[in-house]
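As structure tokens, here come the structures.
Shared chain: chain A. Partners: chain B in the first complex, chain C in the second.
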Partner chain A sequence: MNNRVSRVSMFVTPTNPRFIDKAWTRGGDAYILDIEDSIAPAEKQRCRTLIRESIDKANKGGASIYVRINKPFVDADLPYAVWRGVDRIMLPKTETAEEMQHAHQIITALEKERGIPPGSIELYPMIETTLGAVNIHQILTAVDRKIWSMGGGGGYDMAVNLGIEMFADFDQYAYPIAYITLASMALDIESTGGVFIPNTSGRVDQSDQAILQAAALHRAGIHHSGALHPAFIEPLVKGLTPTTEEIEWAKAVIQKFDEISSVGESIGTLEGKIVDIYEYQKAKVTLDWALECAEKDCFKENALKRASS
Partner chain B sequence: MKKILHHRRSWMIVPAHDPKLADTIAQYKPDVVVLDLEYSVAPKYKEQARANLVKTVSTIATDDIEIFVRIDKASRWADVDAAMHRGLTGIIFCGVDEESEITEIDALINTKEKERGIDPGHIELVIILESAKGFWNLSEILQASPRLSAVGVGRIDLTMQLGPVPQHEFRLFRYLMTRTLVAGKMHGKQLLGAMWRPDSRGGVANQESTKLAAQQAKLMGYTGCICATPEQVNPMNLGFLS
Partner chain C sequence: MITTPENKNKRSSINSNNPMPKYIRRSILALSIDDPILEKKSFDSWADAIILDFSKKSHCNWQQDILSRMPSAIAIAAKGDAEIFIRINNDFAISELEATVFPGIAGIILKGAHSAADIQRVSSALDSLELSRGILANSIEIDIEVNNAACTWNLLEIARSSARVGIFLLNEQELCANLGIQTQASLPFDPLEYIKSELITVATSIGGQAVGMSYPLSLATDSIDAETLRKGILRARDTGFKGAVCPHPDWINLCNSGFRPSEEEANYYVKVIEVFAEGIKRGMASVPIDGKMIDVPVDLRAKVYLEWAKRAKARDTEKYQAHQKP
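Let's look at the complex of A and B:
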């Protein structure tokens, strides 16, 4: 069964057959069918009408499907975006709780009308402006619809809003990203807030950059990332999956902690490292995540086999 | 009246059940002694650790040693009850998530002060933040009790599972230190914490990295820190020296 593992989600343009027809072969965990910034105004309506058929094109390799709609056209976009097979609606430049409530009401009505389990489509607020960052707690608690993970606080739009350069050699988004991350963690929403890697080249298609990015995210404990170019997919999927060594270590930590707990102790050592409740909990997260990744990989593999035969 | 000759820089943890704790205190001379009922006390020693406090608090407290007891959040009511004796300066409460937890502990301390003949309002409350909820609710928490004298940044790298980032810090660490600084200063509290680095996991950091962590925290406005091991007392005292 497909799950919510989304080590990498990549944007695809439904209006461009070259991208949408091939996306499923690229190995992404999720594809974002875009009606927003990658679609020219004159193409928006044609793009809307292509969303439904694009779902079954892009998910042939077992990927989850997200749709990114337009902030000014929520009412016009949603009837073309809410379908069975869509896992998440992405609401760009979200700034207020009211925007969340408005989109939620429309999605709820469409779910009912189209026989989609109520509340099953995630509404994902994209935080791309200062106002959105400041209002993050209200935004995340605005509707009775599960938000699984949350990131944001940086990116092109935030740079424009702040009047700063997008590509810098220091972390110009440290504060909004941290603020959004803290709010999501406080609400038990998995945080995906990025880790700063210097990139002054402005290029987003270099796979060595992707390897660095994956390693940094993995060390920081983040399970998700986005991509603008297919060259980023494989390094991110691989780099955010626990390695065999990490899984073996986690098992050893759990075994050791069970041993010390069974005799009423709480701190022990394993190969010179401390084993305690914190290391035990961290090990459990590693194992749970490894299991979810394996489940997703298995689902993708089977889907790919069926699609290729 | 206590004669305070120094800031409270080093807050040394000693397990409350440790039979040699008096020797440890005499040897390392921390600014503050923290008798622990939490992390350093394994479940099978908890009862004994609580039972020891009556005697320990009254014998250890002298004119220049201040005694705090660190309570375990899961058993905080029994722990406060066991800790509240004459000679105690305050209670350390780790892992606070919200205001109501402080109001409740404050009321319990009130009752125990009355019962045990301690001056009303004498017992201080020090909180150590370890969770995202606690950091989010920080400002409300800090206003929840007049006893609250200090706020600290605790084991967030461990409890919130914040891994290292390429800037050679724990993810979010600098932001949470800053957020705590701003709220703590606003409400006039002492700030406890050190600028720990990923290669110096708090509890096992060596003397050099402990001193550096303290020096950098001092530059930010922090004035003291919990010492998870006695060996951290000296580097903390040096790092926070003003």
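Let's look at the complex of A and C:
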């Protein structure tokens, strides 16, 4: 399965059968089994014990599985979170390289103990404070393990840290979002995206907001996003997948560039638009991404058929 | 040992989950010690903080002149209970510090710093001055007035260069000039949006805070109509600024009421805390209010906001009491 395609990863609460039992039918690329903020303090321990069985419930539709643990309880949570079938561990409010190294050591030991291929579980530092934002380069280079980055750099926890009211009609996170994304790109680390889209209502269940979000991310070349509500899944999956027109255009650009290259030229035009090495490379990215999305969709479709039969 | 007067806003014990704001410095007014009505202007301003500027007279020993006048200027400027800061020019920092650092100041505003080394040099000088002048060790803050590209580029190193570093003040006029950006507020966008966000992010990351204003008011030099100013302050607050340097005394009252949670927000957050606590009792981790999700960070922010409102109110009470003294 292609774990890279994570157009939408949605939080689900393992303690709530209504959510966890139906998650596989929602069509998400990934589900985040949450032990953190969507779980009440009194339910944390029960939640931990439900993670292992929740993996096979949530991935029946072909989705990848991530687990979000608690910053204050890394040692207590990880033994309940690291299992075969888990693709990624999410570390909330990561602020230092040492925190990454600590989690990495525990995960490495658990992988060995549980017969999981070493280093196969990705680590996702969630940057939700200003200290995490300014330390991003050290955080992303702290461990020898595949890292996924959080391009968002905003959200509820950052708002607490900054002491700001959320849901303004302007970008409140211009620096952390750009800085984290830039650091990720410099290190060739993929990130779940953050592009400012006004949401003054503060609602998290509006599909029209998801359509706007997908369009903004797509324009920015960001393929991955997160969601708190199922209403976001379909718009994000659709909106972050290249359209037929985009695929056809990419193919035409590649063909045109090959033609001009074969006669020693470096710049040409197609329907009045410049075709050069930059447009050629962009077209290749579009086609690669389209192929990966198609593979993921096929995998999900087959998994869904098997689970439904 | 003589200590500085009680500093209402000295570094608090707020932890990383409840960091905001460290200081209640919503309105900062710059005044000259040469001003013949310094006492009246300070007292009548109701500013949370006053920056004292000074000029160097050419016909006499300027250091002796300032040394002789600064202690009384600090005392009279503080009568309305404002915190007192002295603005120091980085290029002449050491000689200026010797002439201006006395008991009664909360900190110095260092203007024109370029690197961490500048701050370390000033910090060392303050160590000596605190010792020789009977001021509590490490009590004088270094606050950074950001007015040049090098300072912006080295911001994180500067922020981490000394435990004395407290707040960052954006001097937008001078930074724009230094960057070659027009200083008339005529652009349809904020040319310093990214830098402002950087300033706020870096300042917050060390437990400090940033002072500044939203564009285009950030380039204003005079009185502004109240409604425009109110909106500008709200935007600045929701960008993360915790106060502004007021170019005109008219700004102070609105800054004092704007750089804090409003009554309406405080009432809403009381409701948030109550509803969330009820939800927790029922074993829930999140509850909706009007379609908005209320969970741990929202509950935490509510508590931070209420604490902020309480501290701002307490600060107003302290200033009020100072104004009642004969």
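In this text, the second predicted complex is superposed on the first by the 300 of 309 C-alpha atoms of A that agree within 3 Å, B and C clash if a C-alpha of one lies under 4 Å from a C-alpha of the other, contacts with A are read in each partner's own complex, and residues count from 1 in each chain.
By definition in this document, a residue touches a chain if its C-beta (ideal position, glycine included) is under 8 Å from a C-beta of that chain, and two chains touch if they have at least 3 such contacts.
Since we're looking at a predicted model, the values are computed, not measured.
A count of residues in chain A touched by chain B and by chain C gives the higher number to C.
Within the superposed three-chain model, A:E265 lies in touch with chain B and out of touch with chain C [touch as defined at top]. In the overlay built on the shared chain, the residue A:F196 is in contact with chain B alone; chain C does not reach it. When the two structures are aligned on the shared chain, A:A42 is found in touch with chain C, with no touch to chain B. In the superposition on chain A, A:G115 makes contact with neither chain B nor chain C.
Using the contact criterion defined above for the overlaid structures, shared-chain residue A:T130 touches chain C, although it does not reach chain B. After overlaying the two complexes on the shared chain, residue contacts for A:A174 are found with chain B and with chain C alike. In the superposition on the C-alpha atoms of chain A, the part of chain A touched by chain B in one complex and by chain C in the other spans residues 171, 174-175, 178-179. Contacts from chain A toward chain C in the complex involve residues 13, 37-43, 129-131, 133-134, 155-157, 159-165, 168, 170-176, 178-179, 201-205, 228. Interface residues of chain A, counted against chain B in their complex, comprise 137, 171, 174-175, 178-179, 181-183, 185-186, 195-197, 216, 219-222, 263-267, 274, 276, 278, 281-282, 285. Touching chain A in their complex are the following residues of chain C: 16-17, 19-21, 156, 193-194, 196-198, 200-202, 204-205, 235, 237-240, 242, 265, 279-280, 283-286, 291-293, 295-298, 300-301, 304-305, 308.
Those residues of chain B lying in contact with chain A across their complex are 39-45, 131-133, 135-137, 155, 158-167, 171-172, 174-176, 179, 201, 203-204.
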